[in-house]
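Following: one structure in C-alpha coordinates, then a few remarks.
Note that the chains take the letters A, B, C and D in the order they are written out, and that residue 1 is the start of every chain.
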Amino acid sequence: MYQARGEKHWFIPDGYIPPDSTGALTSHESVCVLNCSTEEALIRFTIFFEDREPMEDILVVVQGRRTKHIRTSSLMKDGAPIPVGVPYAIELFSDIPIIVQYSRLDSTQAENTLMSTMAYPLK
Amino acid sequence: MYQARGEKHWFIPDGYIPPDSTGALTSHESVCVLNCSTEEALIRFTIFFEDREPMEDILVVVQGRRTKHIRTSSLMKDGAPIPVGVPYAIELFSDIPIIVQYSRLDSTQAENTLMSTMAYPLK
Amino acid sequence: MYQARGEKHWFIPDGYIPPDSTGALTSHESVCVLNCSTEEALIRFTIFFEDREPMEDILVVVQGRRTKHIRTSSLMKDGAPIPVGVPYAIELFSDIPIIVQYSRLDSTQAENTLMSTMAYPLK
Amino acid sequence: MYQARGEKHWFIPDGYIPPDSTGALTSHESVCVLNCSTEEALIRFTIFFEDREPMEDILVVVQGRRTKHIRTSSLMKDGAPIPVGVPYAIELFSDIPIIVQYSRLDSTQAENTLMSTMAYPLK
(Lines give C-alpha, C1' and ligand atoms only; values in the text may rest on other atoms or scores of the structure.)
Protein backbone atom coordinates (compact mmCIF):
# COMPACT_ATOMS: atom_id res chain seq x y z
CA MET A 1 0.00 0.00 0.00
CA TYR A 2 1.43 3.34 -1.07
CA GLN A 3 0.43 6.48 0.83
CA ALA A 4 -1.34 9.46 -0.77
CA ARG A 5 0.89 12.57 -1.00
CA GLY A 6 0.16 16.26 -1.42
CA GLU A 7 -3.07 18.09 -0.71
CA LYS A 8 -6.77 17.65 -1.51
CA HIS A 9 -7.60 21.19 -2.55
CA TRP A 10 -5.85 23.15 -5.32
CA PHE A 11 -6.37 26.37 -7.27
CA ILE A 12 -5.24 27.74 -10.66
CA PRO A 13 -6.35 31.37 -11.15
CA ASP A 14 -4.97 31.83 -14.69
CA GLY A 15 -6.95 29.57 -17.01
CA TYR A 16 -7.22 30.41 -20.72
CA ILE A 17 -7.62 28.18 -23.75
CA PRO A 18 -5.99 29.96 -26.71
CA PRO A 19 -8.45 29.88 -29.63
CA ASP A 20 -5.77 29.76 -32.33
CA SER A 21 -2.90 27.45 -33.25
CA THR A 22 -0.23 27.38 -35.94
CA GLY A 23 2.25 24.74 -37.04
CA ALA A 24 2.36 21.17 -35.75
CA LEU A 25 1.43 21.96 -32.14
CA THR A 26 -2.10 22.74 -30.94
CA SER A 27 -2.58 25.42 -28.29
CA HIS A 28 -3.80 23.79 -25.08
CA GLU A 29 -3.63 23.69 -21.31
CA SER A 30 -2.87 20.67 -19.13
CA VAL A 31 -3.78 20.18 -15.49
CA CYS A 32 -1.20 17.57 -14.52
CA VAL A 33 -2.19 15.41 -11.56
CA LEU A 34 0.06 12.96 -9.73
CA ASN A 35 -1.61 10.32 -7.57
CA CYS A 36 1.10 8.54 -5.52
CA SER A 37 -1.42 6.44 -3.61
CA THR A 38 -2.47 2.85 -4.32
CA GLU A 39 -6.11 4.02 -4.34
CA GLU A 40 -7.71 5.97 -7.15
CA ALA A 41 -8.41 9.69 -6.73
CA LEU A 42 -11.80 11.21 -7.55
CA ILE A 43 -11.37 14.87 -8.48
CA ARG A 44 -14.15 17.45 -8.66
CA PHE A 45 -13.42 20.52 -10.79
CA THR A 46 -15.10 23.91 -10.46
CA ILE A 47 -14.53 26.42 -13.28
CA PHE A 48 -14.88 30.13 -12.39
CA PHE A 49 -15.45 32.94 -14.89
CA GLU A 50 -15.29 36.73 -14.93
CA ASP A 51 -18.90 37.36 -15.85
CA ARG A 52 -21.05 34.25 -15.35
CA GLU A 53 -21.84 31.53 -12.84
CA PRO A 54 -19.27 28.77 -12.23
CA MET A 55 -19.40 25.37 -13.97
CA GLU A 56 -19.51 22.93 -11.05
CA ASP A 57 -19.06 19.22 -10.33
CA ILE A 58 -16.97 18.14 -13.31
CA LEU A 59 -15.53 14.77 -12.25
CA VAL A 60 -12.24 13.13 -13.27
CA VAL A 61 -10.71 9.90 -11.93
CA VAL A 62 -6.93 9.38 -11.66
CA GLN A 63 -5.90 5.77 -11.08
CA GLY A 64 -3.60 4.77 -8.24
CA ARG A 65 0.19 5.13 -8.82
CA ARG A 66 -0.53 7.04 -12.03
CA THR A 67 -0.31 10.56 -13.42
CA LYS A 68 -2.92 12.13 -15.66
CA HIS A 69 -2.24 15.20 -17.79
CA ILE A 70 -5.79 16.47 -18.19
CA ARG A 71 -6.46 18.70 -21.20
CA THR A 72 -8.83 21.43 -20.03
CA SER A 73 -10.60 21.19 -23.38
CA SER A 74 -11.72 17.69 -22.33
CA LEU A 75 -13.59 18.97 -19.23
CA MET A 76 -17.33 18.92 -19.96
CA LYS A 77 -20.43 19.93 -17.98
CA ASP A 78 -23.70 18.60 -19.41
CA GLY A 79 -21.92 18.15 -22.73
CA ALA A 80 -20.60 21.73 -22.82
CA PRO A 81 -16.82 22.38 -22.72
CA ILE A 82 -14.99 25.35 -21.18
CA PRO A 83 -15.29 28.16 -23.73
CA VAL A 84 -12.10 29.05 -25.64
CA GLY A 85 -10.60 32.55 -25.63
CA VAL A 86 -12.15 33.41 -22.26
CA PRO A 87 -10.29 34.11 -18.96
CA TYR A 88 -11.25 31.62 -16.29
CA ALA A 89 -9.95 29.93 -13.12
CA ILE A 90 -9.85 26.34 -11.85
CA GLU A 91 -10.53 24.77 -8.45
CA LEU A 92 -9.79 21.07 -7.87
CA PHE A 93 -11.03 19.12 -4.90
CA SER A 94 -9.81 15.52 -4.58
CA ASP A 95 -11.00 12.88 -2.13
CA ILE A 96 -7.38 11.93 -1.38
CA PRO A 97 -4.16 14.02 -1.45
CA ILE A 98 -2.66 14.62 -4.91
CA ILE A 99 -0.10 16.99 -6.46
CA VAL A 100 -1.16 19.40 -9.23
CA GLN A 101 0.84 21.37 -11.81
CA TYR A 102 -0.62 23.60 -14.53
CA SER A 103 0.96 24.20 -17.96
CA ARG A 104 -0.12 26.02 -21.11
CA LEU A 105 1.17 25.70 -24.65
CA ASP A 106 0.30 28.62 -26.90
CA SER A 107 1.05 28.37 -30.62
CA THR A 108 -1.03 31.36 -31.74
CA GLN A 109 1.90 33.10 -33.34
CA ALA A 110 3.81 30.62 -35.54
CA GLU A 111 6.14 29.31 -32.84
CA ASN A 112 4.96 27.72 -29.64
CA THR A 113 5.49 29.02 -26.14
CA LEU A 114 5.10 27.27 -22.80
CA MET A 115 4.33 28.40 -19.26
CA SER A 116 4.01 26.29 -16.13
CA THR A 117 3.50 26.61 -12.38
CA MET A 118 2.54 24.44 -9.48
CA ALA A 119 -1.11 24.94 -8.62
CA TYR A 120 -1.78 26.64 -5.26
CA PRO A 121 -2.65 24.20 -2.47
CA LEU A 122 -4.94 24.84 0.49
CA LYS A 123 -3.24 23.34 3.53
CA MET B 1 -22.53 30.79 1.48
CA TYR B 2 -19.16 29.83 0.03
CA GLN B 3 -16.03 30.29 2.12
CA ALA B 4 -13.11 32.52 1.11
CA ARG B 5 -9.95 30.55 0.21
CA GLY B 6 -6.27 31.44 0.01
CA GLU B 7 -4.51 34.36 1.64
CA LYS B 8 -5.04 38.12 1.98
CA HIS B 9 -1.52 39.32 1.24
CA TRP B 10 0.43 38.50 -1.94
CA PHE B 11 3.63 39.66 -3.66
CA ILE B 12 4.98 39.62 -7.24
CA PRO B 13 8.58 40.93 -7.38
CA ASP B 14 9.03 40.67 -11.18
CA GLY B 15 6.69 43.19 -12.78
CA TYR B 16 7.50 44.57 -16.25
CA ILE B 17 5.23 45.82 -19.02
CA PRO B 18 7.02 45.18 -22.34
CA PRO B 19 6.86 48.40 -24.39
CA ASP B 20 6.76 46.64 -27.77
CA SER B 21 4.51 44.12 -29.50
CA THR B 22 4.47 42.39 -32.85
CA GLY B 23 1.87 40.30 -34.63
CA ALA B 24 -1.69 39.71 -33.43
CA LEU B 25 -0.88 39.54 -29.72
CA THR B 26 -0.16 42.56 -27.51
CA SER B 27 2.53 42.30 -24.84
CA HIS B 28 0.91 42.46 -21.41
CA GLU B 29 0.86 41.17 -17.86
CA SER B 30 -2.13 39.72 -16.00
CA VAL B 31 -2.60 39.49 -12.25
CA CYS B 32 -5.14 36.68 -12.09
CA VAL B 33 -7.29 36.68 -8.95
CA LEU B 34 -9.67 33.93 -7.87
CA ASN B 35 -12.33 34.83 -5.31
CA CYS B 36 -14.01 31.59 -4.16
CA SER B 37 -16.16 33.37 -1.57
CA THR B 38 -19.76 34.51 -1.93
CA GLU B 39 -18.67 38.01 -0.86
CA GLU B 40 -16.79 40.43 -3.06
CA ALA B 41 -13.08 41.05 -2.47
CA LEU B 42 -11.65 44.56 -2.25
CA ILE B 43 -7.99 44.51 -3.27
CA ARG B 44 -5.47 47.27 -2.62
CA PHE B 45 -2.42 47.30 -4.89
CA THR B 46 0.95 48.88 -4.10
CA ILE B 47 3.44 49.24 -6.97
CA PHE B 48 7.13 49.39 -6.02
CA PHE B 49 9.92 50.75 -8.24
CA GLU B 50 13.70 50.72 -8.35
CA ASP B 51 14.24 54.45 -8.14
CA ARG B 52 11.09 56.27 -7.03
CA GLU B 53 8.39 56.22 -4.37
CA PRO B 54 5.70 53.50 -4.56
CA MET B 55 2.27 54.06 -6.16
CA GLU B 56 -0.14 53.25 -3.33
CA ASP B 57 -3.83 52.52 -2.77
CA ILE B 58 -4.90 51.38 -6.23
CA LEU B 59 -8.22 49.62 -5.63
CA VAL B 60 -9.81 46.74 -7.57
CA VAL B 61 -12.97 44.80 -6.74
CA VAL B 62 -13.42 41.11 -7.61
CA GLN B 63 -16.99 39.88 -7.36
CA GLY B 64 -17.92 36.80 -5.32
CA ARG B 65 -17.48 33.39 -7.01
CA ARG B 66 -15.63 35.08 -9.87
CA THR B 67 -12.12 35.34 -11.28
CA LYS B 68 -10.63 38.54 -12.64
CA HIS B 69 -7.57 38.60 -14.89
CA ILE B 70 -6.37 42.14 -14.21
CA ARG B 71 -4.18 43.73 -16.88
CA THR B 72 -1.49 45.69 -15.09
CA SER B 73 -1.80 48.40 -17.76
CA SER B 74 -5.31 49.05 -16.39
CA LEU B 75 -4.05 49.95 -12.89
CA MET B 76 -4.19 53.74 -12.46
CA LYS B 77 -3.21 56.13 -9.66
CA ASP B 78 -4.64 59.64 -10.04
CA GLY B 79 -5.08 58.92 -13.74
CA ALA B 80 -1.48 57.78 -14.23
CA PRO B 81 -0.74 54.15 -15.27
CA ILE B 82 2.28 52.02 -14.36
CA PRO B 83 5.05 53.14 -16.72
CA VAL B 84 5.99 50.68 -19.49
CA GLY B 85 9.51 49.34 -19.94
CA VAL B 86 10.37 49.82 -16.26
CA PRO B 87 11.16 47.09 -13.68
CA TYR B 88 8.67 47.14 -10.82
CA ALA B 89 7.03 44.90 -8.19
CA ILE B 90 3.47 44.35 -7.00
CA GLU B 91 1.92 43.95 -3.54
CA LEU B 92 -1.75 42.98 -3.19
CA PHE B 93 -3.71 43.22 0.02
CA SER B 94 -7.27 41.88 -0.03
CA ASP B 95 -9.91 42.23 2.68
CA ILE B 96 -10.76 38.52 2.30
CA PRO B 97 -8.62 35.52 1.27
CA ILE B 98 -8.02 35.14 -2.47
CA ILE B 99 -5.61 33.21 -4.72
CA VAL B 100 -3.25 35.10 -7.06
CA GLN B 101 -1.27 34.01 -10.13
CA TYR B 102 0.89 36.27 -12.30
CA SER B 103 1.50 35.81 -16.04
CA ARG B 104 3.26 37.83 -18.73
CA LEU B 105 2.93 37.64 -22.50
CA ASP B 106 5.82 39.22 -24.39
CA SER B 107 5.54 39.59 -28.17
CA THR B 108 8.45 41.99 -28.62
CA GLN B 109 10.26 39.70 -31.03
CA ALA B 110 7.79 38.50 -33.69
CA GLU B 111 6.57 35.42 -31.80
CA ASN B 112 4.98 35.57 -28.39
CA THR B 113 6.33 34.04 -25.21
CA LEU B 114 4.61 33.37 -21.90
CA MET B 115 5.75 33.08 -18.30
CA SER B 116 3.66 32.40 -15.21
CA THR B 117 4.01 31.77 -11.48
CA MET B 118 1.85 31.77 -8.43
CA ALA B 119 2.30 35.00 -6.50
CA TYR B 120 4.02 34.68 -3.11
CA PRO B 121 1.58 34.63 -0.18
CA LEU B 122 2.20 35.94 3.31
CA LYS B 123 0.77 33.39 5.74
CA MET C 1 30.29 21.80 8.04
CA TYR C 2 27.43 23.30 6.03
CA GLN C 3 23.88 22.37 6.90
CA ALA C 4 21.46 20.68 4.47
CA ARG C 5 18.61 22.99 3.34
CA GLY C 6 15.20 22.36 1.81
CA GLU C 7 13.17 19.16 1.92
CA LYS C 8 13.77 15.45 1.26
CA HIS C 9 10.68 14.70 -0.81
CA TRP C 10 9.68 16.53 -4.02
CA PHE C 11 7.17 16.08 -6.85
CA ILE C 12 6.91 17.26 -10.48
CA PRO C 13 3.56 16.22 -12.05
CA ASP C 14 4.21 17.62 -15.54
CA GLY C 15 7.02 15.61 -17.10
CA TYR C 16 7.32 15.37 -20.89
CA ILE C 17 10.36 14.92 -23.13
CA PRO C 18 9.57 16.61 -26.47
CA PRO C 19 10.47 14.16 -29.25
CA ASP C 20 11.45 16.84 -31.77
CA SER C 21 13.98 19.66 -31.92
CA THR C 22 14.91 22.33 -34.44
CA GLY C 23 17.80 24.76 -34.68
CA ALA C 24 20.82 24.79 -32.38
CA LEU C 25 18.99 23.85 -29.17
CA THR C 26 17.81 20.34 -28.30
CA SER C 27 14.45 19.92 -26.59
CA HIS C 28 15.02 18.65 -23.04
CA GLU C 29 13.99 18.81 -19.41
CA SER C 30 16.23 19.48 -16.42
CA VAL C 31 15.59 18.55 -12.81
CA CYS C 32 17.84 21.07 -11.08
CA VAL C 33 19.00 20.01 -7.61
CA LEU C 34 20.83 22.20 -5.11
CA ASN C 35 22.68 20.46 -2.29
CA CYS C 36 23.81 23.11 0.22
CA SER C 37 25.20 20.54 2.65
CA THR C 38 28.80 19.42 3.03
CA GLU C 39 27.60 15.81 2.64
CA GLU C 40 26.56 14.25 -0.66
CA ALA C 41 22.87 13.64 -1.35
CA LEU C 42 21.60 10.29 -2.62
CA ILE C 43 18.38 10.83 -4.60
CA ARG C 44 15.93 8.09 -5.57
CA PHE C 45 13.65 8.90 -8.53
CA THR C 46 10.29 7.31 -9.25
CA ILE C 47 8.74 7.95 -12.68
CA PHE C 48 4.93 7.67 -12.95
CA PHE C 49 2.99 7.16 -16.18
CA GLU C 50 -0.62 7.41 -17.34
CA ASP C 51 -1.01 3.81 -18.44
CA ARG C 52 1.77 1.60 -17.07
CA GLU C 53 3.60 0.74 -13.86
CA PRO C 54 6.10 3.26 -12.43
CA MET C 55 9.85 3.05 -13.07
CA GLU C 56 11.30 2.86 -9.57
CA ASP C 57 14.62 3.23 -7.77
CA ILE C 58 16.59 5.30 -10.26
CA LEU C 59 19.53 6.66 -8.21
CA VAL C 60 21.46 9.92 -8.66
CA VAL C 61 24.17 11.36 -6.41
CA VAL C 62 24.68 15.12 -5.96
CA GLN C 63 27.97 16.07 -4.32
CA GLY C 64 28.12 18.33 -1.29
CA ARG C 65 28.03 22.11 -1.92
CA ARG C 66 27.16 21.45 -5.56
CA THR C 67 24.23 21.77 -7.93
CA LYS C 68 23.34 19.20 -10.56
CA HIS C 69 21.06 19.97 -13.50
CA ILE C 70 19.89 16.45 -14.30
CA ARG C 71 18.64 15.84 -17.84
CA THR C 72 15.64 13.55 -17.57
CA SER C 73 16.83 11.77 -20.72
CA SER C 74 19.82 10.58 -18.67
CA LEU C 75 17.66 8.73 -16.12
CA MET C 76 17.85 4.98 -16.82
CA LYS C 77 16.22 1.90 -15.28
CA ASP C 78 17.85 -1.40 -16.27
CA GLY C 79 19.32 0.38 -19.29
CA ALA C 80 15.96 1.79 -20.44
CA PRO C 81 15.38 5.58 -20.50
CA ILE C 82 12.12 7.48 -19.90
CA PRO C 83 10.20 7.25 -23.19
CA VAL C 84 9.99 10.46 -25.23
CA GLY C 85 6.69 12.05 -26.26
CA VAL C 86 4.82 10.51 -23.30
CA PRO C 87 3.19 12.37 -20.37
CA TYR C 88 4.76 11.34 -17.07
CA ALA C 89 5.46 12.60 -13.53
CA ILE C 90 8.49 12.61 -11.25
CA GLU C 91 8.96 11.89 -7.54
CA LEU C 92 12.33 12.54 -5.87
CA PHE C 93 13.29 11.25 -2.46
CA SER C 94 16.64 12.38 -1.07
CA ASP C 95 18.39 11.11 2.06
CA ILE C 96 19.17 14.71 3.08
CA PRO C 97 17.26 17.97 2.42
CA ILE C 98 17.75 19.49 -1.04
CA ILE C 99 16.01 22.12 -3.20
CA VAL C 100 14.52 21.12 -6.59
CA GLN C 101 13.45 23.18 -9.62
CA TYR C 102 12.11 21.79 -12.89
CA SER C 103 12.59 23.39 -16.33
CA ARG C 104 11.78 22.36 -19.89
CA LEU C 105 13.17 23.66 -23.16
CA ASP C 106 11.04 22.86 -26.19
CA SER C 107 12.41 23.62 -29.65
CA THR C 108 9.86 21.60 -31.63
CA GLN C 109 8.72 24.59 -33.66
CA ALA C 110 11.78 26.46 -35.01
CA GLU C 111 12.27 28.74 -32.00
CA ASN C 112 12.82 27.51 -28.48
CA THR C 113 10.53 28.06 -25.52
CA LEU C 114 11.21 27.62 -21.81
CA MET C 115 9.05 26.87 -18.78
CA SER C 116 10.13 26.49 -15.17
CA THR C 117 8.69 25.97 -11.70
CA MET C 118 9.88 24.94 -8.29
CA ALA C 119 9.04 21.30 -7.65
CA TYR C 120 6.40 20.67 -4.97
CA PRO C 121 7.89 19.75 -1.58
CA LEU C 122 6.35 17.45 1.02
CA LYS C 123 6.90 19.10 4.40
CA MET D 1 7.78 52.58 9.49
CA TYR D 2 6.88 49.77 7.09
CA GLN D 3 7.42 46.18 8.17
CA ALA D 4 9.71 43.73 6.33
CA ARG D 5 7.78 40.95 4.53
CA GLY D 6 8.75 37.52 3.23
CA GLU D 7 11.74 35.42 4.27
CA LYS D 8 15.48 35.92 4.74
CA HIS D 9 16.75 32.82 2.98
CA TRP D 10 15.95 31.88 -0.64
CA PHE D 11 17.17 29.37 -3.25
CA ILE D 12 17.12 29.14 -7.06
CA PRO D 13 18.50 25.78 -8.27
CA ASP D 14 18.22 26.47 -12.03
CA GLY D 15 20.66 29.23 -12.88
CA TYR D 16 22.01 29.53 -16.42
CA ILE D 17 23.19 32.57 -18.40
CA PRO D 18 22.56 31.84 -22.10
CA PRO D 19 25.75 32.69 -24.02
CA ASP D 20 23.96 33.73 -27.21
CA SER D 21 21.38 36.34 -28.16
CA THR D 22 19.61 37.34 -31.35
CA GLY D 23 17.45 40.31 -32.27
CA ALA D 24 16.80 43.31 -30.04
CA LEU D 25 16.67 41.43 -26.75
CA THR D 26 19.73 40.16 -24.87
CA SER D 27 19.54 36.79 -23.14
CA HIS D 28 19.71 37.31 -19.38
CA GLU D 29 18.45 36.29 -15.97
CA SER D 30 16.97 38.53 -13.30
CA VAL D 31 16.77 37.86 -9.57
CA CYS D 32 13.90 40.17 -8.66
CA VAL D 33 13.89 41.28 -5.03
CA LEU D 34 11.11 43.18 -3.28
CA ASN D 35 11.96 44.96 -0.04
CA CYS D 36 8.71 46.15 1.58
CA SER D 37 10.47 47.47 4.68
CA THR D 38 11.52 51.05 5.41
CA GLU D 39 15.05 49.76 6.09
CA GLU D 40 17.49 48.69 3.41
CA ALA D 41 18.19 44.99 2.87
CA LEU D 42 21.73 43.63 2.66
CA ILE D 43 21.75 40.44 0.57
CA ARG D 44 24.59 37.93 0.44
CA PHE D 45 24.65 35.68 -2.65
CA THR D 46 26.31 32.28 -2.89
CA ILE D 47 26.69 30.76 -6.37
CA PHE D 48 26.94 26.95 -6.58
CA PHE D 49 28.35 25.00 -9.52
CA GLU D 50 28.38 21.40 -10.75
CA ASP D 51 32.14 20.92 -10.73
CA ARG D 52 33.88 23.63 -8.73
CA GLU D 53 33.81 25.44 -5.39
CA PRO D 54 31.04 28.00 -4.75
CA MET D 55 31.51 31.74 -5.26
CA GLU D 56 30.67 33.18 -1.86
CA ASP D 57 29.85 36.51 -0.21
CA ILE D 58 28.67 38.54 -3.20
CA LEU D 59 26.83 41.50 -1.62
CA VAL D 60 23.90 43.51 -2.99
CA VAL D 61 21.90 46.25 -1.25
CA VAL D 62 18.20 46.83 -1.95
CA GLN D 63 16.89 50.15 -0.63
CA GLY D 64 13.82 50.34 1.59
CA ARG D 65 10.40 50.35 -0.14
CA ARG D 66 12.08 49.48 -3.41
CA THR D 67 12.41 46.55 -5.80
CA LYS D 68 15.64 45.61 -7.56
CA HIS D 69 15.74 43.36 -10.62
CA ILE D 70 19.31 42.11 -10.34
CA ARG D 71 20.91 40.86 -13.55
CA THR D 72 22.96 37.80 -12.64
CA SER D 73 25.62 38.96 -15.11
CA SER D 74 26.22 41.92 -12.77
CA LEU D 75 27.17 39.69 -9.81
CA MET D 76 30.97 39.80 -9.35
CA LYS D 77 33.40 38.09 -6.98
CA ASP D 78 36.87 39.66 -6.93
CA GLY D 79 36.11 41.15 -10.34
CA ALA D 80 35.02 37.83 -11.87
CA PRO D 81 31.42 37.35 -13.06
CA ILE D 82 29.37 34.15 -13.09
CA PRO D 83 30.53 32.23 -16.18
CA VAL D 84 28.06 32.11 -19.09
CA GLY D 85 26.77 28.84 -20.57
CA VAL D 86 27.33 26.93 -17.31
CA PRO D 87 24.65 25.35 -15.07
CA TYR D 88 24.66 26.87 -11.61
CA ALA D 89 22.43 27.59 -8.60
CA ILE D 90 21.80 30.62 -6.40
CA GLU D 91 21.41 31.07 -2.63
CA LEU D 92 20.35 34.43 -1.20
CA PHE D 93 20.60 35.35 2.44
CA SER D 94 19.17 38.73 3.47
CA ASP D 95 19.50 40.43 6.85
CA ILE D 96 15.77 41.28 6.75
CA PRO D 97 12.80 39.47 5.14
CA ILE D 98 12.39 40.01 1.38
CA ILE D 99 10.49 38.34 -1.48
CA VAL D 100 12.42 36.84 -4.42
CA GLN D 101 11.34 35.82 -7.93
CA TYR D 102 13.61 34.46 -10.66
CA SER D 103 13.13 34.99 -14.41
CA ARG D 104 15.16 34.16 -17.51
CA LEU D 105 14.92 35.59 -21.01
CA ASP D 106 16.54 33.45 -23.68
CA SER D 107 16.87 34.85 -27.20
CA THR D 108 19.33 32.25 -28.50
CA GLN D 109 17.06 31.20 -31.34
CA ALA D 110 15.76 34.31 -33.15
CA GLU D 111 12.69 34.85 -30.97
CA ASN D 112 12.83 35.35 -27.24
CA THR D 113 11.37 33.08 -24.60
CA LEU D 114 10.70 33.72 -20.92
CA MET D 115 10.47 31.54 -17.83
CA SER D 116 9.77 32.59 -14.26
CA THR D 117 9.20 31.13 -10.80
CA MET D 118 9.18 32.29 -7.23
CA ALA D 119 12.45 31.37 -5.55
CA TYR D 120 12.21 28.71 -2.82
CA PRO D 121 12.10 30.16 0.70
CA LEU D 122 13.48 28.56 3.86
CA LYS D 123 10.93 29.14 6.61
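Rule of thumb we're sticking to: a residue touches a chain if its C-beta (ideal position, glycine included) is under 8 Å from a C-beta of that chain, and two chains touch if they have at least 3 such contacts.
What you are looking at is a predicted structure, and each value in this text was computed from that prediction instead of being measured.
Chain centres here are means of the Cα atoms, and by that rule the chain farthest away from subunit C is B. Residue numbering shows that subunit A and subunit C use the same positions for less than half of their mutual interface.
Spacing of subunit A relative to subunit D, judged by their CA centroids, is 31 angstrom. Taking each chain's centre as the average of its CA atoms, subunit B and subunit D sit 22 Å apart. Among the residues of subunit A, those in touch with two or more other chains are 110-111, 113-118.
Touching subunit B in their complex are the following residues of subunit D: 5-6, 23-25, 30, 32-34, 36, 65-69, 99-101, 103, 107, 110-118, 121. Against subunit D, in their complex, subunit B makes its touches with residues 9, 11-16, 48-51, 53-54, 87-89, 91, 104, 106, 108-111, 113-120, 122.
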